[in-house]
Amino acid sequence: MAERTYIEAITECLRQELRRDQRVFLLGEDIGGFGGAFKATKGLQEEFGPWRVIDMPLSETAILGSATGAALMGLRPVAEMQFADFVSCAYDHLVTVAAKQHFRVGDAIPIVVRLPSGGGFSGGPFHSQNPESTFAHIPGLKVVCPSTPVDAKGLLAAAIADPNPVLFFEHKHLYRSIREEVPEERYTIPLGQARIRRAGDDVTVVTWGAMTWTAAEAAVTLEAEGTSVEIIDLRTLQPWDREAVLTSVRKTSRLLVLHEDTRTAGFGAEIAATVAELAFEQLDAPIRRLAAPDTPVPFSPPLEKAFIPQADDVVRALQDLAAY
Amino acid sequence: MTSAREAEPGGSLSEAQAAGLDREDLLDIYRLMLVTRGIEERGQLLYKQGKIPGSFYTGRGNEGSAVGVARAMGPDDVGTPLHRHVGVHVVRGVEPWRIFAQFMGRQDGPTRGRDGNVHFGDLALGTIALSSHLPSTMPVAVGCALAFRIQQQPRVAVAWYGDGSAQRGDVHESMNLAAVRQLPVVFVCDNNHYAYSTPNRLEYAVEHLADRAAAYGFEGVVVDGTDVVAVHREARRAIEKARAGGGPTLLESVTMRLEGHAVHDDASYVPHELLAEYAKNDPVDRFRRWLAAEAGVGEDEQQALAAAVRHALDEALHRAEASPLPDPATLLDGVYALPDALDAPHHR
Amino acid sequence: MAERTYIEAITECLRQELRRDQRVFLLGEDIGGFGGAFKATKGLQEEFGPWRVIDMPLSETAILGSATGAALMGLRPVAEMQFADFVSCAYDHLVTVAAKQHFRVGDAIPIVVRLPSGGGFSGGPFHSQNPESTFAHIPGLKVVCPSTPVDAKGLLAAAIADPNPVLFFEHKHLYRSIREEVPEERYTIPLGQARIRRAGDDVTVVTWGAMTWTAAEAAVTLEAEGTSVEIIDLRTLQPWDREAVLTSVRKTSRLLVLHEDTRTAGFGAEIAATVAELAFEQLDAPIRRLAAPDTPVPFSPPLEKAFIPQADDVVRALQDLAAY
Amino acid sequence: MTSAREAEPGGSLSEAQAAGLDREDLLDIYRLMLVTRGIEERGQLLYKQGKIPGSFYTGRGNEGSAVGVARAMGPDDVGTPLHRHVGVHVVRGVEPWRIFAQFMGRQDGPTRGRDGNVHFGDLALGTIALSSHLPSTMPVAVGCALAFRIQQQPRVAVAWYGDGSAQRGDVHESMNLAAVRQLPVVFVCDNNHYAYSTPNRLEYAVEHLADRAAAYGFEGVVVDGTDVVAVHREARRAIEKARAGGGPTLLESVTMRLEGHAVHDDASYVPHELLAEYAKNDPVDRFRRWLAAEAGVGEDEQQALAAAVRHALDEALHRAEASPLPDPATLLDGVYALPDALDAPHHR
């Protein structure tokens, strides 16, 4: 084991996959000599050459569309969007072609789209978004949102092995702020399995990505107040681990759903709706959702702080729930 | 002012032979065109009989272009045909009965009733199913070519589109990427004068759509799409050039949509003169005349061929009608591929 | 008053708006001489000329992007997507530019996008979709889904008067199948107000678009069995009328959310989640959602019938709920 | 082989005068370029001082191109400047203190802290705010031109983009629509050799991006973007041609990004020779030398002008720093426009 940041774990995974499987290749803007806007692919073009780490023109549709074509010809493309926000430019390809092809004609499309997402750095409305809910609504796409270096590495390897289009959301805030021991050898973590990030008895928080850390911070405060918080890190939204969520809620009878994407029709609504249907009798309090408000992501720090759910907000929501 | 090369007509038998087509090939091309037209004519009947759900589109007038290009592809080449390209599927070897089954939404159509019309493909035959959003499979074709380049395989991808879909952004991104990376892809624009009801002059403002090739740095060629011999020759040139590492070509094939956009459309917006002009050059008739004049294919031989095609299609239709509708209990299958999907030959 | 089909009501609205306001113009593919794929704009180019009813190239981004530009210059564009499905090609423009401009810089973008949507005709995966949930998640966009000729006319007039980008979903199944008396003069129906389609006491159905008719059919069966069904036709999803829904649920204590878009993370989840939070104490049964399953829309009739919720399915869901 | 016209250099004073610039105009252009550069240099300092959140981009090397084009626009013309176009906003009359306030995310920036950098616009001044997604405001500019055409107004729209963003589909759809409808729009491509770290040769495979104009049916022109006099002349020609009903023009202005993509990027991937070559042609220095040689603008006059600009910017900076950060309680305001938004002059 060696200490790795979240982004180092991703780079390591990419390098291992490129080494073990000739079919894997990377494509995206500035990912070659430059190593990508966040340096996730640094050094890889040097090792694997310009036809396995391919610098692409500023053409998101061509990037993802050609990834699909290459996948149909037997390769395993891993594409990078420079920021997750820019995937909107290739929305049609993902939703129209990649998502539906297997259902329609039985052609598997094993592509991975890496998406540096999330806010917290005054990236403003176009460099901070969390569009995972949008894609989790589209049948045929898988959606992954790791929160730790270990998960990032293992889920990315699983995404590359998966025969479907996988949107892999990497939270930029975690890239260099989170570091832990990561197994050096290759391993996979199955898509669709949540992880109990923290066990507890009184309230359940279901969340993913950077918000797992915010929830963890809040849980410490609650613990001190005598409320035991269970945190479920969903890790993947599509498929999502209903059983893990339902099991926890049946135990705690109280649920907070927390996410950084905006609230209305965000994926939190799906979780809340599912629990409201399937664990109705076990609930002792209304299901609460805490999410970003329904605005674009603002640039200026005081506004952005008001936009992204903060530990204090989570504390208050949990206190309310516990007191209900 | 055009920057594209305007291709010569198909010419004489000896010219066709020089371009790689012997008499047998020519007869095969004719047969494939008859099959294509026969399938679509029967499709229209089926539609009128209420046996085809939804809408129905044909490629009447495009048989020469579709067959001509597809017949120039190598066995390992791939393509992304669209809604006027039944002929491509016929050439690539899809059995007609399965096409009828597809039209009728039956279990044995290539999409097992999940999609209709020409919305299908078969990777084993080198075709990728279209999505209606035109021309969203063009970047996919470029990606196939990218895979060939990465793996140094001598294969070529063919990307079809139309005069209408030529105006979508996907075309630009695709052609530019293909040019920058000198990928083995041939772009085939079937310019049939209309996009639904919209005439060329409301779609673009250059002389030839093939002129756009120069904007990316490769060759543009305009060919008379009603002349299957010329289409075949130009497609073959472009494909072999791509195979040899010469990069992309844009081949604009000028035809006419001889019917409405789809069965519900009487195309009353098309000027009579234009239709009449092209009716004279119906690609099937034109090729029949050419075969008679240039290759000595007499009435008898032609009739025999036509009869064989009719017979085969009648049988195919019977077989398709025997195919059941899909079982609604299967609806949820296959939204996601399972791991064994990657055991298919092309994924290994 | 005169009898009008749903599509005639839309055409009449467009004609009235074009007559009363020089700033209104229409743009889209084949909308001129041809009158549009569904003939909603038939005769309008003849009356208003080629610069107020503009035939556009096959370029969805140019259509909606230029609508936004024209709106910024003071005009009131009403754009048609030939089928709602094709709006995916202009997704980036709507979400990136149109939705965020007012929040960012205060520039209002009064555009309307008309979207013939919905299935039931073997249109297959690309001519049958109901992408309203996708857009209802995006702050800055409004989403309208009328179910009757009267509503279609009045909501379209309101959409054109609205200073925001409005996605106006017209259900193709209703175009010619629904007909009623429609006021001849211009009128508007405010966005954000639901309508009680049918009053009842025992169960609430919240729905919109073509599904209101399916719900109405089911309600007749339930009534015969002694269960009184209240149907709320949301009419607009963004903004949506929470109060109307909450009021009804507080009365009936039982809620079924019904929609034709696919289930997971569909807008029904937002409604269920909201009710689960705000009417928790009043609920006597788990909230049920009935929606299309998470697949692309299939082509063949038996598959499509299994995909689109049918009156029988609604009957069964309501019986379950009533019996809970 | 290029199809674009390669424009002559700016030439002598009398040539500049013939192109509509008298001595006063020339000095004003110089001042505007100094203001532009001064704003961005101060921005970099502010960034280093930690006063600018997020990232920070400059248009160093692009001042002549931005100012030259913007100065050629008429008062009622509109444009969609991007991230290298502070100069356009300066020309259109945005007060520098508001730009500093914008950089720092303050309440008095044009976006009131909702967006950063050059992500702003002011309809009253004829500018439309960019979205980062490049070049998503290009179809918007075409829509402005469409509105002018519909209303028969003698106004022109200018759409800026770069050598990188030139490869996005939006460009294709925009240019084609403009050509089909002969709309009064000028497309200005600031080709500064790079898109982030990506050099021209990995972006496109033609000689000039201006060659693409021929693919749509209008004129393409390449101009040396470090020569503000030439840029201005060509922009003016294109704008007046558009105003007169002559349709679109694509003007490619060739410059160099003299700094990294943004503050965090040292641009070590750019060859030294290329940078050195362009450093010699820094547009501000070049124009200063030109003014001295051609228009007799002496050292004293230049110094006085520079001092005035410095002074004004110092004051502007002070004023901006006094502007408060936005109140978080206002976050929810303005997601949707209210009906009175349409009472603005341009909506009536």
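Going by the order they are written in, the chains are A, B, C and D; count residues from 1 in each one.
Heads up, the rule we're going with is that contacts are C-beta pairs under 8 Å (C-beta built on N, C-alpha and C of every residue); 3 or more make two chains touch, one makes a residue touch a chain.
Predicted model, so just to flag it, every value in this text is computed and none were measured.
S.K.: Using only Cα atoms to place each chain's centre, name the chain farthest from chain D.
M.R.: B
S.K.: Could you let me know which interface, A-B or B-C, is made of more C-beta pairs in contact?
M.R.: Spelling it out, more C-beta pairs touch across A-B than across the other pair.
S.K.: Would you mind pulling out the distance in Å between where the CA atoms of chain A average out and where those of chain D do?
M.R.: 37
S.K.: Just give me the whole-number Å value for how far the CA centre of chain A lies from that of chain B.
M.R.: Centre-to-centre distance between chain A and chain B: 41 Å.
S.K.: So, what's the distance in Å between the C-alpha centres of chain D and chain B?
M.R.: Inter-chain centre distance comes to 45 Å.
S.K.: Where in chain C do residues touch two or more of the other chains?
M.R.: Touching at least two other chains: 57, 59, 61-62, 85, 88-89, 92, 96, 100, 103-104, 125-126, 139-140, 294-296.
S.K.: Send over the residues of chain D in touch with two or more other chains.
M.R.: 111, 114-115, 119, 131-133, 167-170, 173, 176-177, 180, 202-204, 335
S.K.: Among line, ring, star, complete and other, which one matches the pattern of chain touches?
M.R.: Its topology is that of a complete graph.
S.K.: Taking the complex as given, what residues does chain D use to touch chain C?
M.R.: 78, 110-111, 114-115, 119-123, 128-129, 131-133, 136-151, 157, 169-170, 173-174, 176-177, 180, 334-339, 341-342, 344, 346-348
S.K.: Sort out for me which residues of chain C touch chain B in the complex.
M.R.: Chain C residues touching chain B: 29-30, 33-34, 37, 55, 57-62, 82, 85-86, 88-89, 121-127, 293-296, 298-303, 305-307.
S.K.: What part of chain A is in contact with chain C in the complex they form?
M.R.: 85, 88-89, 91-92, 95-96, 99-100, 103-104, 125-126, 133-134, 136-137, 139-140, 238, 262, 264-270, 272-278, 280-281, 283, 285-289, 294-296
S.K.: Which residues of chain C touch chain D once you look at their complex with the stated criterion?
M.R.: Per the stated touch rule, the residues are 25, 51-52, 54, 56-57, 59, 61-62, 64-75, 77, 92-93, 96-97, 100-110, 139-140, 142, 161-164.
S.K.: Touching chain A in the complex: which residues of chain D?
M.R.: 53-55, 105-106, 111, 113-117, 119, 131-134, 164-169, 195-198, 202-204, 269, 325-332, 335
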